[in-house]
Amino acid sequence: MLNEWLYLGIFLIIALAIPAAALLIAGMLSPKKPNPIKDSTYECGMETVGVSWVQFKVQYYIYGLIFLVFDVEIVLLYPWAVAYNKVALFGVIELILFVAILASGLLYAWRKGALEWV
Amino acid sequence: MTGMQLIFLIAAAVVVSSAFMSVTSRRMIHAALWFVLALLGVAVIYALLEVSFFAVVQVLVYVGAIAILIIFATMLTRRALEDHGKQFNRATLMTLVIVSVIFAGLVFSLRSWPQLQSMTAPLSADQLDVGVLGLALTAPDGFALPFEVTSILLLAALIGSIYVAYERKEKKK
Amino acid sequence: MNFIYDPVPWVINWLTQLLLSWGLSENFVTTLLYLIGAVLICLGAMLFTTMLIWAERKIGGRFQDRLGPNRVGPWGIFQSIADMLKIFTKEYINPVGIDKIPFNLAPVLAVAAVLAVWAVIPFSQTVFGSNINVGILYIIAIGGLGEMAIILAGFGSNNKYALLGAFRAVAQLISYEVPMVIVLLIPVMFSGSMGLNEIVQAQTIPFIVYAPVACIIFFICSIAENGRAPFDLLEADSELVAGYNIEYSGLKFGMFFVADFLHAFTSAIVFTTIFLGGWQGPGVEQIPVLGGAYMLIKTLLVYFLMLAIRFTVPRFRIDQMMALNWKILTPLALVTVVVTALVDKAIPHEMTVIRIGALLVVNLIIWLLADRMITIYRKRNPVQVVTGKLRPLARPEFLSVAEKETAQ
Amino acid sequence: MIPLYWYLLLAALLFCIGLFGVITRKNAVGILISIELMLNAANINLLAFWRYLYSDTGDLRGQVFVIIIFVVAAAEAAVGLAMIISAYRQKQTVVANEIDSMKG
């Protein structure tokens, strides 16, 4: 197993290194003639107004929240899914219970209107 | 020194330094990004422990979900306290002393522990099987109850935080 | 081991013997071979992307009744190479107020997060990268790194539109991750492992036969994860200028471009591996190299399907997209998993035909029920159609009959 | 091979850094990040102990504990951040000391 992880680690490093190297080479080849107009923040040709840190609507957070809860719960089901062929019917019933609890959360968010974008 | 030890040391250095940066950097978003790096380092530590499932879950849950949620929250609350004002309490120096004392105490108490130097052999295929964990989680005499309780905990967290965070439309009008 | 039947392991074997005969230690040789393999796969994938870009533009052109690239070389085949040469010599513009490290790290990370998936893909029976026992979760987790790259880009650029685009993109990606993760439980259940090798080996009958609904959900989700039409809201030009990569120029932009095209192909590969049986096909036991060919053919078919969808379907509105995910796909995925688990437990695995039949019927029922429910919902809450004055059409004979009636 | 105490030292260090952050940070989000770091330190310890002392016995309590900590961390992040956002909306502040509406 450690060997598999070693390969994965090497692969990740290479996967980071190749685009980085390409960027560096291009950086050497490319011209460097900055000027204030060119370097100004793009805003459809208008003068930049205010800081870039606009306020966000809370809906982003709500989606992130529901995603977080679902993600954690489903990831916990993966060991169960691996053992699926060995578990008895009881295990499946447990899955149903688990999913039902999860689904009731989704239902709550739905009824609350938290799933609407606007 | 073997290759494994070298990898461990590098990962540990990354974890510790980025954790330090994440508790000391002034801008919250930088703190969050350093936090992500620390989490990735911890995932490498898990991989060295041969608990692949947890290494991947660490990336999936912490980096993919919790860190993103923290970044979202930082964006939502970023007008307050950003780049100006003190980021730390007055008690920084005092805290440093306390924390160092705690660390020294931990190290001291560890020193006398007999199993400190214990080593371990690589895990067998049987122990690597994630299915064993799955069976244990669903067996009625195993951890079936804690497993279900976690889902209730998450349900409570979901309902509670939606209730707290969601803008009530009636109120606004 | 025969070179013609199975070239890659033959070469690996030969290299190992050669290096060992030079007196290198075994660990070192293994590491070196891993390094060579990783470099070859990464470079190969990156170079392959140039071909993909050409193919996609050409096919897209045909879909839209254009010629596509046709100037550089026969059929414009060298177009993307010319583009690549050009983009290499373009200036990097560093706008004011950028956060240097995130800004430069983002394009690298975006490509790396896509490339990293290739580390676990089994290309044929004997050619595979890392066979970790959590392959499926690894693929999803790496997707999380891609989201991180988008956040870095949006936040590093010091631009309102970039930040808005990044957050929309991340909201979309994380939302569509949910049904994807749920549905991937099904292949894991059938094969009893999360390793991609075991999953492919378990697919003597591809999982698409056992779980068509799961397969469709996964397909939709992977298109959404690519950010391709109909889910291309992240770069909806009319609303967000260009999305999170607005401030990037030169090859830094090119990297996002590469990541985008490579991601589409990669998700076709992942789809093939998980649902279409990867390298499985007639005769692979005797001639393993056939597996690679089967894999390529299946992947290209899936990729073509993705292109067809991309070039024909109009874009969703963001609320529609979120509603599709949270109100349709997620509940559907949950129901599919539960029902599949129940039915599959009830039927002994030896009775293959009955098992497949039952699963198919169940899937069909789920699909029809979902369809029925959506129809009923739509009837109760009809879509509000915004109509305006009909504008003159260049070729009025293409107006459909209904439109003609309203026009009169 | 790596001896067990390397992991323990790393975890102790990470825990102390997290503790430092929890006490000194003014921003509530920063406090939350620090708490997550402390939970990670606990996870490293649990998995290292399981791996070195219990992996031969077939005892899975270490792993199950880690799973529960993952869930707790997720729940904590969700609720904590929701409360921070809610407090921010009402009081325009994320400084933990100033959020004191629960005080009598």
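Letters are used for the chains, namely A, B, C and D, taken in the order the chains are written, and counting of residues starts over at 1 for each.
By our rule, contacts are C-beta pairs under 8 Å (C-beta built on N, C-alpha and C of every residue); 3 or more make two chains touch, one makes a residue touch a chain.
Everything quoted here is computed from the prediction, not taken from an experiment.
Of all chains displayed, A has the C-alpha centre closest to the centre of the whole protein C-alpha set. Two chain pairs, A-D and A-B, are compared here, and A-B has more C-beta pairs in contact (counted per touch definition above).
Rounded to a whole number, the gap between the C-alpha centres of chain A and chain D is 21 angstrom. As a whole-number value, the distance joining the C-alpha centres of chain A and chain B reads 17 Å. Here the CA centre of chain B is 29 Å from the CA centre of chain C. Centre-to-centre, using mean CA coordinates, chain B is 6 Å away from chain D. Each of residues 1, 5, 8, 53, 56, 58, 60-61, 64-69, 71-72, 75-76, 78, 81-84, 102, 109 in chain A touches at least two other chains. Residue positions 4, 48, 50, 52-53, 55, 57, 60-61, 64-66, 68-69, 72-73, 75-76, 79, 123, 128-133, 137, 150, 154, 157-158, 161-162, 165, 167 of chain B are each in touch with at least two other chains.
For chain D, residues touching at least two other chains, in rising order: 67, 70-71, 74-75, 77-78, 81-82, 85, 89.
Because contacts link the chains in a way that matches no line, ring, star or complete pattern, their graph is best described as other.
By the document's touch criterion, interfaces exist between A-B, A-C, A-D, B-C, B-D. Residues of chain B touching chain D in their complex: 2, 4-5, 8, 12, 15-16, 19-20, 22-24, 28, 31-32, 35, 38-39, 42, 45-46, 48-51, 54, 57, 61-62, 65-66, 69-70, 72-74, 76-77, 79-81, 86-89, 91-92, 95-96, 98-100, 102-103, 106-107, 110, 115-120, 123, 127, 132-133, 136-137, 142-143, 146, 150, 153-154, 156-158, 160-162, 164-165, 167. The touching residues of chain A, counted against chain B in their complex, run 1-2, 5, 8-9, 53, 55-56, 58, 60-62, 64-69, 71-73, 75-76, 78-84, 86-87, 90-91, 94, 97-98, 101-102, 104-105, 108-109, 112-114. Those residues of chain C that touch chain B in the shared complex are 27, 31, 102, 132-134, 137-138, 140-145, 147-148, 151-152, 155, 163, 167, 170, 174, 177, 192-194.
Against chain B, the residues of chain D that register as touching in their complex are 1-10, 12-21, 23-27, 29-30, 32-34, 36-37, 40, 43-44, 47-48, 50-53, 55, 60, 63-64, 66-68, 70-79, 81-86, 88-89, 92-95.
Listing the residues of chain A that touch chain C in their complex gives 1, 3-8, 10-12, 14-16, 18-20, 22-23, 25-27, 29-34, 36, 38-44, 52-54, 56, 60, 63-64, 66-67, 70-71, 74-75, 77-78, 81-85, 89, 92, 95-96, 99, 102-103, 106, 109-110, 115-118.
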